[in-house]
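A, B, C, D, E and F label the chains in the order they appear, each numbered from 1.
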Amino acid sequence: MARPVCLFTGQWADLPIETMAAKAKELGYDGLELACWGDHFDVQRAMNEDDYCAKHWDLLNNAGIACFAISAHLVGQAVCDRIDERHQQILPESVWGDGEPEGVRQRAAQEMKDTARAARRFFDAAPQGVQDVLASTGKTVVNGFTGSSIWHANYGFPPFTPGMIDAGFADFARRWKPILDVFEQEDVYFALEVHPTEIAFDVLSTRRALEALEHHPRFGFNFDPSHLGYQGVDYIQFLREFGARVHNVPGGVFGGHAPFGTDGRYWEFCSVGRGKVDFEGIVRQLNHHAYQGPLTVEWEDPGMHREHGARESAAYCRRLDFEVSPTAFDAAFSE
Amino acid sequence: MARPVCLFTGQWADLPIETMAAKAKELGYDGLELACWGDHFDVQRAMNEDDYCAKHWDLLNNAGIACFAISAHLVGQAVCDRIDERHQQILPESVWGDGEPEGVRQRAAQEMKDTARAARRFFDAAPQGVQDVLASTGKTVVNGFTGSSIWHANYGFPPFTPGMIDAGFADFARRWKPILDVFEQEDVYFALEVHPTEIAFDVLSTRRALEALEHHPRFGFNFDPSHLGYQGVDYIQFLREFGARVHNVPGGVFGGHAPFGTDGRYWEFCSVGRGKVDFEGIVRQLNHHAYQGPLTVEWEDPGMHREHGARESAAYCRRLDFEVSPTAFDAAFSE
Amino acid sequence: MARPVCLFTGQWADLPIETMAAKAKELGYDGLELACWGDHFDVQRAMNEDDYCAKHWDLLNNAGIACFAISAHLVGQAVCDRIDERHQQILPESVWGDGEPEGVRQRAAQEMKDTARAARRFFDAAPQGVQDVLASTGKTVVNGFTGSSIWHANYGFPPFTPGMIDAGFADFARRWKPILDVFEQEDVYFALEVHPTEIAFDVLSTRRALEALEHHPRFGFNFDPSHLGYQGVDYIQFLREFGARVHNVPGGVFGGHAPFGTDGRYWEFCSVGRGKVDFEGIVRQLNHHAYQGPLTVEWEDPGMHREHGARESAAYCRRLDFEVSPTAFDAAFSE
Amino acid sequence: MARPVCLFTGQWADLPIETMAAKAKELGYDGLELACWGDHFDVQRAMNEDDYCAKHWDLLNNAGIACFAISAHLVGQAVCDRIDERHQQILPESVWGDGEPEGVRQRAAQEMKDTARAARRFFDAAPQGVQDVLASTGKTVVNGFTGSSIWHANYGFPPFTPGMIDAGFADFARRWKPILDVFEQEDVYFALEVHPTEIAFDVLSTRRALEALEHHPRFGFNFDPSHLGYQGVDYIQFLREFGARVHNVPGGVFGGHAPFGTDGRYWEFCSVGRGKVDFEGIVRQLNHHAYQGPLTVEWEDPGMHREHGARESAAYCRRLDFEVSPTAFDAAFSE
Amino acid sequence: MARPVCLFTGQWADLPIETMAAKAKELGYDGLELACWGDHFDVQRAMNEDDYCAKHWDLLNNAGIACFAISAHLVGQAVCDRIDERHQQILPESVWGDGEPEGVRQRAAQEMKDTARAARRFFDAAPQGVQDVLASTGKTVVNGFTGSSIWHANYGFPPFTPGMIDAGFADFARRWKPILDVFEQEDVYFALEVHPTEIAFDVLSTRRALEALEHHPRFGFNFDPSHLGYQGVDYIQFLREFGARVHNVPGGVFGGHAPFGTDGRYWEFCSVGRGKVDFEGIVRQLNHHAYQGPLTVEWEDPGMHREHGARESAAYCRRLDFEVSPTAFDAAFSE
Amino acid sequence: MARPVCLFTGQWADLPIETMAAKAKELGYDGLELACWGDHFDVQRAMNEDDYCAKHWDLLNNAGIACFAISAHLVGQAVCDRIDERHQQILPESVWGDGEPEGVRQRAAQEMKDTARAARRFFDAAPQGVQDVLASTGKTVVNGFTGSSIWHANYGFPPFTPGMIDAGFADFARRWKPILDVFEQEDVYFALEVHPTEIAFDVLSTRRALEALEHHPRFGFNFDPSHLGYQGVDYIQFLREFGARVHNVPGGVFGGHAPFGTDGRYWEFCSVGRGKVDFEGIVRQLNHHAYQGPLTVEWEDPGMHREHGARESAAYCRRLDFEVSPTAFDAAFSE
């Protein structure tokens, strides 16, 4: 079976989940990667209401659309971050609370543990077709961010104080190991989107993050090459090195103090296949790792209407996901 | 409404206008940019015959095709040029007359004034749908060339004599200001196709042309990147600087003493989207300038049958003209 | 009429010819280039059985598919090669015999002569539509390899002994001239696929091969740019120099001691239009040489299922084969 | 007279100024750009001790070396920054004080005002040769950083809150205008090194910084292309736009959480002329702006001994600083 | 003996020949390529004064400098050109006369014949050292331009009239064949600098010029790659095709209506080795053609003082002119 | 101490060792890498004559030149190769014998064991200065080739038979393990130059060779990037992966059936620093591995006289070998 083509709902959280599900179907998708915000997926309701998961699946089934992973970027970001006014905007009230930084971080960590539990409940309630796909990959996945206590020191001026970077990775390990242990208990995998502002944003920092966690078996990656390319990271090489831990594959660019979409920026995110990322090379490399999970589209093109972009992206992903050859082409020479 | 996709008729003047209109419709176009030669648009008849404009619109309407601009490249070229045998081929007899250079230039200038008047009469007679489009851009446009009295000195050997280049721009201003004043009276814009052999062919010469005209409000540009790319001009930067005066957008390469299409030439014009011009980047830049005029195809690919090329170009332009995003992609994070 | 789009059957010899013919039709092809192995085309049966050719055409006609050339790469390879265990795999038993190298080479040469004769018989029996296409190109073609007695010395270490390379070309000429004389008698052309491991693999060796054969009129080329690109050969320039002798045009990468398809190889063959070869440039160059033969697809992409690849390749070739312009685009300016 | 070639002493503050002055002379320099840390230039002593400036010049004169600018990067950084443990390392105790952030920022602002006053006293005491150079450029310059209250939000995730970026520039203007007014009183120019972690780090942020300051006449730039190139900024274009405000020209790359000099980093600073920055293009562009100030070397190559690098950099700058042509090359054709 | 390194005096004609000769020696040159304007070389005096040539050699000998070729670009340009005010500036009064175009062209042709005769007289009077160098190349050379009656039609708009280009080459042949016949009588070669504004400016036009002259044995080339590179001409390939007719090798870019040296131009001439021309590749290719003539520097860098440029260019040419290997590097393996 | 700059004598074996030693000194070298052919280093004499080594050192000492490694490429090549007439040219008579292939291979293996023993004797007799350098690297090194029984199958057509490549590596291991065991006994390292025609020629084949030898501790590499670059191998990445086993660093290109130096070849070896290999990047990478062995020049530029090339290469290597920084450049900020 071909890989399912999915749409991440994070940039569509203004739409109710019913509308979103119908639209995604119409735009050509097999599934949604549900964001844990808006009403797309509610962690606490999934934990506390007995029929939430079943009703959510009914709603998706009615739209003819599946779901193979959920995403918790916003809450995950708060686990390690230096908290400020930007976080208030993106966190649920229950996590933000009074905004005192350490309290926010601890509540975010607690919410991440609940997210693993909610994911377990949700996917246990999934219809057989979804269960079959998950069985073929052997993994239930929550995607997300980790935040970082040391990102503000990224450029290296003023110079790092001795031990400062080590302390940042230690803080990350201290906060995330207990979360990942819950993921272990629930048989769920956490997939970090390697990304600026996270503890891991390039090859060296990804290696250090793995070492800090002593290679925790539940820690893997949501491979989004768009965040690697403009940093000069060789994303194919990244896949060679870390491919065995890639649990999800979405398909994005560098900021500054101008909003995305401003004229004159050096880099801009653009629709899948319209920029410079070699997606065909990525798919061929994923084939070498026998990756069978979803190909997921994340809309981040400030110059194109999101529905136009989502439709062409679905078609593009399907064209990319060609079938692999079961035989060598020169095998027939000895017939 | 999306931008109308149009076909410039200059390279099809061997076909009668009825045939041309039907063919363009069949090839996938919304409109024609009518050349003021062949029988596609006759300036003098539009001026002198009461029913010419109405009948011309009937003809277009019957073919189901619109028109949003006319083009006067050939006569415009003669206004400033050093006249020789090449001009006789491309000018109407009434302008060529006895071929005495100054007389030719003055009759060409007179014809350009009449072209503005004819454009006014023609578009005043346009059906409501065309009127609505013109209203949305706020402009009635005649595209064309200006010619140049100093192009022959382009390479700079023998060296320019002192004041020679200044005199060339002064000649241009002296001849074109009265023409543009008629455009002003008629509420029509002249859009120069910046192009080798014209007074403006790159960024520096475009700046000088604007200065020579004291930034006449009726002088703007028909932006054809194909004539800029092979000269090494950064056409995106051109658009940043002069975008507010771009009134029309067509989509072509460098000469020599070999006919276009000869094997072994360094550069060749080719069909829209098959060469190296970054049309998607241009459209994204036009979006920053809120350009809402037509996207017009000019067939100049000597290696491809013109009907094949015109059909694929229409489809290509439509794919390019995707809808712009009304919101920021990260706006939904705070839902 | 447009050039026929064909599929080379060499990599599909595991399928019986009936299956192959039906599949190619379904995948979008006009014709097959039949490999002289498997049961796709049997040289000896064509020579010895009176109804073989007629029945073979019936089989193709029933599938709605044509054939404009046959291919004898495997046997041709053995004519000049240093024979070893690899050849046993790819040769018919009757040519391999006891495997004694010189005997193998001589039997391979004999089989190549028979291939010319069989091609003559086969195409003389072709239906009218095929005859018409062959008449328009004026050529009946057998594609193939030549082998080489000096390929093992290719890199130049240990250094060539004096005269060694000259001797290799002389050996080639001695063995192939008698074969080509039979091609002459039968009015058939031999088209070498210039390729590593053959006597001609780049521009300099192609010139030497032609000189060695004293420019035999029956010796030409099956132009496959994929074998030139990764060697750094300017394949467009190759076509300028040797275009008049190009009799067939297929569309492939570099070896090593890892099987094709291994992760980490520098070069990999890939499907037509997905790699770096400028096929549009090739077609425009072929237009300058008025080439009217088939465009043939050879499947050699180890990362894509062959049916997927064959289908998209057929469509790609058809898009490439646009009609040429019969007039200059600026001719209409003087209407 | 040719531009003086100078060495910035910031990376050599472990050496006493006497040693540094002698070494720079021996390495081939005309002058030092004195860092306001270590004992290279002491702002408070220059303000408070009557003979400090004269003695400092004696020391430099004895070594045969000049000085045309001083640099206050470290204290300047603290004016707008979010203060943390990194700043303690780089600030004088008197500025750091108890480390309470707002207090640190205000003391840093005060120190910058004193730096302008100290620069005035110091250069008023300069020997005639230095005075002559300063007269030719018309400017006394203090180079430095500004810090930024919004750098930590650079990448744009979590998204900026509404008004957050505007507030950052307003904070910058509020803190720096009073400082620049002191520069005005003292007839000294402040030259910001546009650089990640500062309020201005690319073209768009440089424009905004100028607007925030209402184009304060004492605010200009210390043009270091090494901090622009790896961000994708067109540094030649930067010079075209802001060249008239460039007061100093030094010659450096991107951080991460690995110390500079770690194997496997994408970017590394390297010695002048050994990296990818087009310094000759920069010098030719500076010629168009008639820049006559120093060319200053800043050693930041973690893979090369600093004395080796400083020596070759001095020689490299001198080769770059060729004399400009006073006539057109084609002027002699009419002799 | 190594190739002599020479300086073309055309851009230094404001200096008297005595000054020029001394300066070139001091700047590091072996010889001058004397321009036939200023007082550097006077064709008519060489023809008419018995001791002019001897005295001129005395002057050069006294400065310790040689001469291996003379240059007649300015007069040559007038032979085919459309004459206008620019030519008055660059022609001797005797050739300009009353400025009537056809008269100018005929007097220029006459002067070119005299130039061949003067070259003969001048080099017959040369000292033995110069005679030896000339003997080794077998050629006495006059470099120059031809002009062109069709350059103004270069871009191809307005379109060429039928036969117009043919007529231009015919005019060239009609005017230059009688001149070249005088070169033949005098045993002198004419070397055209292939260059925009001349009859030959790229590969195709060079081929046509040779055909128009029926490959006149006295017509060859002064190979200046700087005029080919910015046109996209593969100058190494040019050398492969025309190398046998290259009689002189100088080392220069595209005009427009801005003087050379204006900020913002796309292309600028620059000093030998500082631009993008691959001079080492050229010298290695000249070695394949056994070229033994001079390497001559033509100063055309508007951003660098000519004496600075001339000195570094002399040194650069000498470094390029390394000795060729007389043996294969792998020959010693069998010792 | 800086790395010694050495010259490999293999391409100079036509010169007696006395001449060679004096010339290398004069050309600017610190040492020779002695070829085991010509009279440069005689393995059998070193084994069998008591005073050979001492006398050889006297000869080198008299010339003021050292030696830090010897090279046995020619005999090493014969250990695994398919033997033919090319080997006769390059082998000593005692190894060639009657030319029967298996006998040649076995005698070559024997000679390689003797080479390890001879190297031991030779370097044990070295003067103190040489001993000190060897002590600092901890290694005595013999460079060389291994040959390969499967190179002729490199391109992959005819296809490999099953097991054929495995058998080639097994043959390599079977022949070389006993040789490397002698290297172990003698405390000498063998450094293979990874190179086409050898068992290891790219990254994948280097990994396989190491695996075949079970990572024998005496097997390492003579890192010559010139043989990697034109194959598309990322030589910096090669160094990252295999750097710990790099025992020697020389500085070379692709063959074909044309002798090196033929006009029109795609690739040509050229002098160090004149081609496209990033030698500075290599030296910076070697610094990360703390490589302290020699930098050795191998002359293989067919277009340049070898003495000219050797002299400039020595100077180039010395410029490259700059001293590494002992401190971080930002360490001085906290002074």
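Simple rule for what comes next: a contact is a pair of C-beta atoms (placed from the backbone, for glycine too) under 8 Å apart; a residue touches a chain by one contact, two chains touch by 3 or more.
Everything numeric in this text was worked out from a predicted model, so none of it was measured.
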Open item on the list: According to the touch definition, list the chains common to the neighbour sets of subunit A and subunit B.
Closed with: C, D
TODO: Sort the other chains by how far their Cα centres are from that of subunit E and give me the top one.
DONE: A
TODO: Looking only at C-beta pairs in contact, point me to the busier pair out of D-F and A-F.
DONE: D-F
- [ ] Select the chain at the greatest separation from subunit C, using centres from the mean of Cα atoms.
- [x] D
- [ ] Check the residue numbers that subunit B and subunit E use where they touch, and answer same if over half are used by both copies, otherwise different.
- [x] same
TODO: State, to the nearest whole Å, the distance from the C-alpha centre of subunit D to the C-alpha centre of subunit E.
DONE: 48
Open item on the list: Can you pull out the residues of subunit E that are in contact with at least two other chains?
Closed with: 74, 89-90, 156-159, 259-260, 264, 330, 333-334
- [ ] Counting only chain pairs that touch, give me the topology of the graph as line, ring, star, complete or other.
- [x] other
Task: Touching pairs - complete list by chain label - done: A-B, A-C, A-D, A-F, B-C, B-D, B-E, C-E, C-F, D-E, D-F, E-F
Task: Interfacial residue positions of subunit D with respect to subunit F in the complex - done: 10-14, 37-38, 74, 89-90, 259-261, 263-264, 269, 274, 299-309
TODO: Going by the contact rule at the top, pick out the subunit B residues touching subunit A in the complex.
DONE: 240, 280, 284-285, 287-288, 322-326, 328-335
Open item on the list: Under the stated contact criterion, what part of subunit A meets subunit D in this complex?
Closed with: 74, 77, 81-82, 85-90, 150-161, 164-165, 168, 195-197, 201-205, 208, 231-233, 254-260, 262, 264-267
Open item on the list: Could you list, by residue number, the parts of subunit D that touch subunit B in their complex?
Closed with: 156-159, 330, 333-334
